[in-house]
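Structures given as structure tokens follow.
Both complexes below contain chain A, partnered by chain B and then by chain C.
On to the complex of A and B.
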């Protein structure tokens, strides 16, 4: 019997994670084995626990361990604003900013006829329902500035036009950014969206 | 004009090829003068200028995939490097493909995109397959037009990609008979924004080409160019195009594809002095019109961009008589372009004399051998 077979299987599994390759997976597994009690066992326990309880929020599509996530359950977050994002990672990024105080709606992707991803696969009908059910006054479209992202934004805007205030995130110079390093399109967008000083 | 009197514009020096098609290894040390490449059929002359075409965005002059450019049987991947001298200074450009993956670009040792290449280098080409450009399908003429447009407006490539992506999505909806109006509206909005921009860029390019032909004294016939639609007229503004797409939806559903937009534009050319459509001209005249346009494009770029483009003229002597050939060489030298020209014999370039640098390409056991040689 190969004494390292299970460890190699673990390395192979780790290497499939985003951001990790075979080399970094080997280093991570070796580190975990060395810190078995302190790190590996608690990690394994947590992974088992989350694997058993993780689910998508029935309302917004966020990931949590309850049917309704903390943000949707919070009365304070029901301020009439819904921020539409493509993915849970985008929701978490917005939350890190600690600025937005409303609720979210995670689409789970973007419209793509070629990949056979339509409105039904994207929880767009649910978003339309929420606008009425939650007395929403503003929908903020925080979708990626790609063709698919913008097609999806236009699609939602076309559905909700006249029923609710619609906005999208500004595009332009990032905080701490230097003009010299920006591409032409970003500079043009920033100039078009300039504001009074 | 002698080589020493020339003000260097855009040119390649220190070109190296590794495992690129028939070239196992080639190393060329060049100056700004035109490059005359001669050698027998199948020696690897076109492969050499194909390598140079990869200093511009896209799939090069053969429109080949990166994995098709590998040298076989090794199939190790390929790499091309060169020092690109442009008005803004010299840049070290590397482009390569490994394991059949998409080609990569590095500029001055930093990873870059192919679109960045379009901003630092303008490369135009004429290849024998384009000899039938005026009589074959509109797609080839559109591609020729877009390459000239891109040379003036590098961002044109990105706009074309955006349009095509949105159109492919819309065509899929049409084919699948999807009836969701909101989805069409979203895609048509994207298509109309990029589509109107494509049309405006193309028209601006035609104006520049027309001016460059009118102002120049040239031995080549001027081509009067016009954008025409396969049917009807091209809606020119964003709102007109959006409206046309919306109105045409029912017809498009029946056809299963989009029937209006800049993808249905054709380039109509007329031999100006004779008033004869280019497609009805003789083979030699058709070639002369193409050469005329490429030279006009070069002159316009020299004026706007500060340097003429790199010109790649494969088998350019074919269909040109000795007089026109000499005139072409004189115009290239006057333009100051580093034109890469191929021909089977060195005598085809005799009129160039020491105004050009020469590369002889031969083939030994399936491998191209390049040798820089003296004027014929």
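On to the complex of A and C.
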């Protein structure tokens, strides 16, 4: 019997995680083994717990451990604004900013003709239902500034036209950005969206 | 193996954690795929947006290999993102090129027409007619060209008002006779005449759409046309409804 078979299997599994390769997975597993009681066991317990309870919010598509996530359940967040994002990672990024006080809607991707992703593969019908059901006054399209992201934004805008106020995130120079390092598309977008000073 | 050319980026998809597989449409090599190392990273994201004009160098050990591209941006077509009709048109062009072109087969005339068309993106007045003409070039390049020079029945050069859904040849009112209801209407903008209103252009898209779907796509195994083309026609119809 191979005494390291399970450890090798763990390294192989860890190496499949984003950002990790075989070498870094080996290092991480070795570190966990050295700190079995302090790190590995609590981590294993938490992973088992989350694996059993993690699910998508039935309302917005956020990830949580209950059927309705905390944001959707909170009365305070029901201010009539819904921020549409592509992915849960984008929702988390928005929440880190602690600026937006409304609710979210996670599409689960963007329309892509070449990858054969159509509206029915995304959560667009659910968004339209929510606009009617939750007395929404404004939908903020916080989709990526890519061709696919903006194609999706225009498609949603067409579906919701005349039913609710629509807005999108501004495009331009990021905080700390230097013009010399920006691509021509960003500079063009920034110039088009210039404001009086 | 190594070559260098300019091309239009048709598609980019992630390959592994940091690389991307891209497809470019070049004048001398046609639709050609290759790997871009680091192509999935943040630095390359603005460069590898579909529709971008790129300077590409392709290297591989053997001709049959997928090979690797090194990519330099020439110009982006990011201005299309602000206008829904331009964006729908850009997506339709890229999706149709991806759908219709065989890999590694040069189509120099179609490339030139495609590049000129994409450079017109910001001009909402010229763009739709240019797109319609581009679809006619696409059909012609792939062997499904329309013959609108003379009437297929009488040989007349004037009074062409129909087009045969089978042969793609123009037919005059006199030549059509009692078969008129089985023919497609021929909008005058397809003949390079008239004011090319939105209504006429939509009618023209109906004609080219018929040949794309029932001839070209049919011969490719009766595949449905890309959804992006339907969305562009929808966007045109919405513009017509809005402007009356």
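Assume the second predicted complex is superposed on the first by the 195 of 197 C-alpha atoms of A that agree within 3 Å, B and C clash if a C-alpha of one lies under 4 Å from a C-alpha of the other, contacts with A are read in each partner's own complex, and residues count from 1 in each chain.
Rule of thumb we're sticking to: contacts are C-beta pairs under 8 Å (C-beta built on N, C-alpha and C of every residue); 3 or more make two chains touch, one makes a residue touch a chain.
Just so it is clear, the structure is predicted and the values come from calculations on it, not from any experiment.
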item	value
Superposition on chain A - do chain B and chain C clash or fit	clash
Partner chain in contact with A:186 - chain B first, chain C second, else both or neither	second
Touched partner set for A:167, first chain B, second chain C, both or neither	neither
Touched partner set for A:74, first chain B, second chain C, both or neither	neither
Touched partner set for A:114, first chain B, second chain C, both or neither	both
Partner, of chain C and chain B, that touches more residues belonging to chain A	C
Partner chain in contact with A:152 - chain B first, chain C second, else both or neither	first
Which superposed partner A:18 touches (first chain B, second chain C, both, neither)	second
Touched partner set for A:53, first chain B, second chain C, both or neither	neither
Which of chain B and chain C A:135 touches, first, second, both or neither	neither
Common interface residues of chain A - those touching chain B in one complex and chain C in the other	113-114, 118, 147, 150-151, 154-155, 158, 184-185
Touch list for chain C against partner chain A, complex	10-11, 13, 17, 45-47, 49-51, 73, 75-76, 78-82, 84, 87-88, 90-91, 94-95, 98, 226-228, 231, 238
Chain A residues touching chain C - in the complex, by the definition given at the top	18-19, 113-115, 118, 145-148, 150-151, 154-155, 157-158, 183-186, 188-189, 192
Chain B residues touching chain A - in the complex, by the definition given at the top	155, 162, 165-166, 168-170, 172-173, 176, 178, 180, 182-183, 185-187, 189-190
Interfacial residue positions of chain A with respect to chain B in the complex	111-114, 118-119, 147, 150-155, 158-159, 184-185
